[in-house]
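First chain written, first letter: the chains are A, B, C and D, and each begins at residue 1.
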Amino acid sequence: MNPAPCGRDQKRWRAGVLGATGIVGQRLVHLLSHHPWFELTEVAASERSAGRPYAEAVRWHVDAPLPPEAGDLVVKHLEPSLDCDFVFSALDSGVAGHVETEFARADYPVVSNCKNHRMEPDVPLLVPEVNAAHLDALVEQKRRRGWDAGFIVTNPNCSTAGLVLALKPLADAFGLEQVFVVTLQAVSGAGYSGVASLDILGNVVPFISGEEEKMETEPRKLLGAWDGAKFVDAGVRVSAQCTRVPVQDGHLECVSVKLRKKASPADVREALRSFEVSAELASLPTALRHPVVVLDEHDRPQPRRDLNAGNGMAAVVGRVRECHLLDVKFTLLSHNLVRGAAGAALLNAELLAARGWLNADRRPAQREAPLPTEVVSKN
Amino acid sequence: MNPAPCGRDQKRWRAGVLGATGIVGQRLVHLLSHHPWFELTEVAASERSAGRPYAEAVRWHVDAPLPPEAGDLVVKHLEPSLDCDFVFSALDSGVAGHVETEFARADYPVVSNCKNHRMEPDVPLLVPEVNAAHLDALVEQKRRRGWDAGFIVTNPNCSTAGLVLALKPLADAFGLEQVFVVTLQAVSGAGYSGVASLDILGNVVPFISGEEEKMETEPRKLLGAWDGAKFVDAGVRVSAQCTRVPVQDGHLECVSVKLRKKASPADVREALRSFEVSAELASLPTALRHPVVVLDEHDRPQPRRDLNAGNGMAAVVGRVRECHLLDVKFTLLSHNLVRGAAGAALLNAELLAARGWLNADRRPAQREAPLPTEVVSKN
Amino acid sequence: MNPAPCGRDQKRWRAGVLGATGIVGQRLVHLLSHHPWFELTEVAASERSAGRPYAEAVRWHVDAPLPPEAGDLVVKHLEPSLDCDFVFSALDSGVAGHVETEFARADYPVVSNCKNHRMEPDVPLLVPEVNAAHLDALVEQKRRRGWDAGFIVTNPNCSTAGLVLALKPLADAFGLEQVFVVTLQAVSGAGYSGVASLDILGNVVPFISGEEEKMETEPRKLLGAWDGAKFVDAGVRVSAQCTRVPVQDGHLECVSVKLRKKASPADVREALRSFEVSAELASLPTALRHPVVVLDEHDRPQPRRDLNAGNGMAAVVGRVRECHLLDVKFTLLSHNLVRGAAGAALLNAELLAARGWLNADRRPAQREAPLPTEVVSKN
Amino acid sequence: MNPAPCGRDQKRWRAGVLGATGIVGQRLVHLLSHHPWFELTEVAASERSAGRPYAEAVRWHVDAPLPPEAGDLVVKHLEPSLDCDFVFSALDSGVAGHVETEFARADYPVVSNCKNHRMEPDVPLLVPEVNAAHLDALVEQKRRRGWDAGFIVTNPNCSTAGLVLALKPLADAFGLEQVFVVTLQAVSGAGYSGVASLDILGNVVPFISGEEEKMETEPRKLLGAWDGAKFVDAGVRVSAQCTRVPVQDGHLECVSVKLRKKASPADVREALRSFEVSAELASLPTALRHPVVVLDEHDRPQPRRDLNAGNGMAAVVGRVRECHLLDVKFTLLSHNLVRGAAGAALLNAELLAARGWLNADRRPAQREAPLPTEVVSKN
């Protein structure tokens, strides 16, 4: 764990969580309970929960106990009058769109896990290890929308998150042209009541609403560039097929890639294994220095056994081998609730904090915060 | 159900099952218990079971009760002295190779579900709806090996069986160039003790030994031709990734195909749905007139819900849609123990019977059996 | 299957199903689709479904296909203006109470699977094999409530249904004093969205709301008597513990009983096995002559393997052995959706039909229907 | 974690594990990898594994990675020539009997998880929180058998372990007469290949060989006394029914008890919650000060959610309520591999170490080790 960026004088940013009772929201509450930079000061949720103590309102699904300080917070309404420096949004997509906009307009930085704003032309779809430079789009976002201190940053869909992490080193090393992917996704990806047991016990459901579309479009933005005025798509073409399997947590993906430059499975394995983040990223509390973990066992990764590699923040890759149609195929696992949701948003917030984006107006002391420079050995 | 081919005078062929205690063997025993053409007269298995009544030796896994007549049979040794006109082989691959050869040499037609002889240059790898003409290779097989009444016919691997059934109409209608397939396979595909519960409860194992190789080679033979002297591979290239999921029966496959002639998803759907077998095949007791079932629901097929379509002999296809990389993608389900094993072997035996191949020497009356010509409305 | 009671001239009673889209309702629709005495003419459900074709409104969960005639029915509102001779009620308990009363008041016989009226002092809680004589209470029910042709008959809770069937022969043969029971219940017992997959995958939930109370009280009424004016409780004391397990269908129960008269496990096994229903009951289409099936295997019954014994109408008993605390213990399985719900209601309706209770006013021809006398060999 | 008993000068006892490749053996290897008192110096297993590095020989099933130092150990034969101060035995019962005797005769203290010697009249069946005084029987054991430094101490069956922990405070506070228990046991209790996935996916198996007998006899010895010459049974009568459910780890038990002294559910809850171990026990590294955890939620404990309470060493109790037949009933959960096996053996070894029993001859420095007296605040 890294200390807070120097100059902050041990004072922590105050964070709110919108949609705190949901399965991603509570994971954020859990991760924030022992975070070195952020302090959870507000939880907000739908009408049904508002006004009740969080401990009562939430049906807790995290393995660790509910943090008592969080349990005592009173759940607030989804209105931009929260006492915090920025908010995480883990809202249902039905309301996320306008609620996030309202908060941003009211000067709250919004770090969102929701799909609503992801593909907008001035909203960063951010995975720090992949496209930290996209944060520059925030200047344009504020300008266009006339927002002051507020803005919206998003992280990708849970099954895209792990995928782009494994694709990035390949795109860098060899160029990336085509991606075939079939997912075997865990039930927690659909939220608490998202998958009825009668549908999934001893069964597979070969359809997840909207998922294939997200997987086919989000990587193009993520692996592309911000040219100062707009996002330029990466040229990669993706074909995705998504299924739901009777697994609690952890999305498994069978991937095949066509590369621009010829590469053997050994080359690919090496490129993945040696992928290392910048010193700036390595200094973020939630970041891994090597976010792609490569396994050599012939039957791994497996959801139940490899879920928590890198504290749930790693993309775990195995079975790297030749593909008869494209170039190389492999199996990929990532934790859908951590790497694919709560951990992703948290890492985004950390990068924003490190770069001085977190609510300059409300926290003037923060405005001059220099970038953290020390690099702590991790992972 | 069709009556026996005319001329057979209601007399049924006597069948033996090698490897009768295994999960495929017992499925054969079950299917034979009410078969209009075949009568189960012998069960044979490994030393451990030989000499005991079948009811005692078998750990019965079929949903229906053990047929009492079968239960009373004494399990024989795996030696070619069985009292029957032909044998099914559902042996472990460790012994299937030489045992099947021994039986064929001893004048038994061998209808095998095992992998050992599948790819040999004079052994038909047979799916009647796909490549009935491959049976002609038996003449060459007998000639080369100097066998008299005996021979070996095989059916493909359980995950290949459903796949080629769906590929055949596409190859016929549009030409087939490339196939991408990811499987989600049921545990019964590995036999009774093949998958330990500790490995698969709430988990996915992204590896099945030898399975990807079979899926990448067998379709080339199946969709190819017998030119009178040798099998000519179909030009199709296949890339397969195989996984095991916590499902009891039914292999689900996510497929994408590149066709020679441009075709829309609607064209593909139509080609699959209108696929119809010949009058000869339609007259076989186990055959479906339309062996490919196309579902329109957005989230089907599902293993638990669609497993028994067409009595487990159908390839069930759903979600036919465009693919961004190849042409069209779809989801496919087939019953691994029926279409992919016991039912496949049974259908092969029926075709052999109808064509007069079943042990001409031992059953001379059979030699002149004309092809059945009537077509019974089915499916 | 038995023909309709003689004198009915092949005309079938017209049945409606209230709550037809639920998991029990659709099971009733399925069972009625090929019923010799009843014809499904109406389906009714909540506002959300009313007005739509049944095929559209229902999320079909039965293994067999949705019967096309049923699929074409338009779902009606829950109002007593249905075109049928009687109704089944498979409503949510939130509305069942007053809706059933309304229908009964409007002259519809109501055959209910709901808990709301079960324990009322003039409502038969009926399991034909156990307490057919309780039907006599209907005279009193009509008198008290001033109802004309309408009335309410109920069947017990799904886990009680199988239990009392196994207890009845023991009560008859030896007298029954105490019952210990721990249930392992399937998820379908809670309805389609009753159990979230996140709660039950690889888990057990040791609590089912209200279930233990039902199991501890309903058997006392069921095994008791109707004395002409009121129900007299059986003296038996029951202690129940109920758990939910990751099984699709089939409630398993671990039972221990204290008997009034000393009995060995062999005696108990014999009493269960020889339990036979009366000629009147045996003539009902859904009835089994021997509704308790006793297995001798050391590890049965098992939900997945023994679920469909007796078409799902049997109580399957195994492992009958001595108990160190009470007298004898055993394992019990019954199909919660058939024996415990839809099949139970159907059998109740058949008994009502046979006894001439089904809507005499609306179907005058029925009034004179003699009791069926033929006994058809079954089970 | 406690430091080593004072006087030991930071030197750790050297431990061997017999049956180290099994599922309990590897759990021991895992727990020993960071143990303050013990150091793993030897692993031994059957012929198949002997001679290979442990990392190769084992199929690792623990969530945490295989400890590298352990992985490098060469697996030894099951012969009493191991370089260690004492051995844990996690052998199959087929060989455990004579192998353990051989090691004890050769001066190794044997801390066994196996059933073979548990009920012998001079072998302690030990759960430190329940019957630490039984260790006195070792004097008699050595005398009778003529053993010098060696002896055998056992821990109970995995489902008994949690049960007696919850029964002990009740026996102490109210007296215990009768226990009714139905178990829902996890698959890991049967070892890696103990339960085939085809038997348990979506199913329950209501039989576990020998389990009910163990649960009905072991508590009588555990809750009884050592009178200086023999074990005196506790008077309690137990009736057990055991089932296997599709859960990975964690045995759930539905328990009902009859007490000598009247007690309300609240009394029982209080007795369980306030149960506290002695200062001697509290100082053992693996011990919990309060080994019974009482939950107030209405639907807990649940295997997946409460498994790791107290690092897997707690007996977790919930739903304490009145029983209509006996006095009080409740639900109980314990980790079958930790509290019920590896953790139990480890705690036994710690008590032996603390009391100076661990191989005085081989480690003379140990002989004078005073009992640890400090009490560290835990749990």
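Everything below uses one rule, namely that a residue touches a chain if its C-beta (ideal position, glycine included) is under 8 Å from a C-beta of that chain, and two chains touch if they have at least 3 such contacts.
All values reported here derive from a predicted model rather than from experimental measurement.
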Task: For the pairs A-D and C-D, output the one whose chains share more C-beta pairs in contact.
output: C-D
Message: Centre to centre, using CA atoms, which chain is the farthest one from subunit C?
response: A
Message: As a quick test, compute the distance in whole Å between the mean CA positions of subunit B and subunit D.
response: 50
Message: Between subunit C and subunit D, what distance separates the C-alpha centroids? Give it in angstrom.
response: 45
Query: For subunit D, which residues are shared contacts with two or more other chains?
result: 201-202, 246-248, 304-305
Message: Which stretch or stretches of subunit B touch subunit D in the complex?
response: 23, 61, 187-188, 192-193, 195-202, 246-248
Statement: Per the touch rule, the subunit D residues reaching subunit C in their complex are 178, 180, 182, 184, 202-207, 216, 237-239, 241, 243, 245-248, 252, 254, 256, 298-305, 318-319, 323-326, 329, 331
Contacting residues of subunit C [partner subunit B, same complex]: 63, 201-202, 248, 304-305, 308
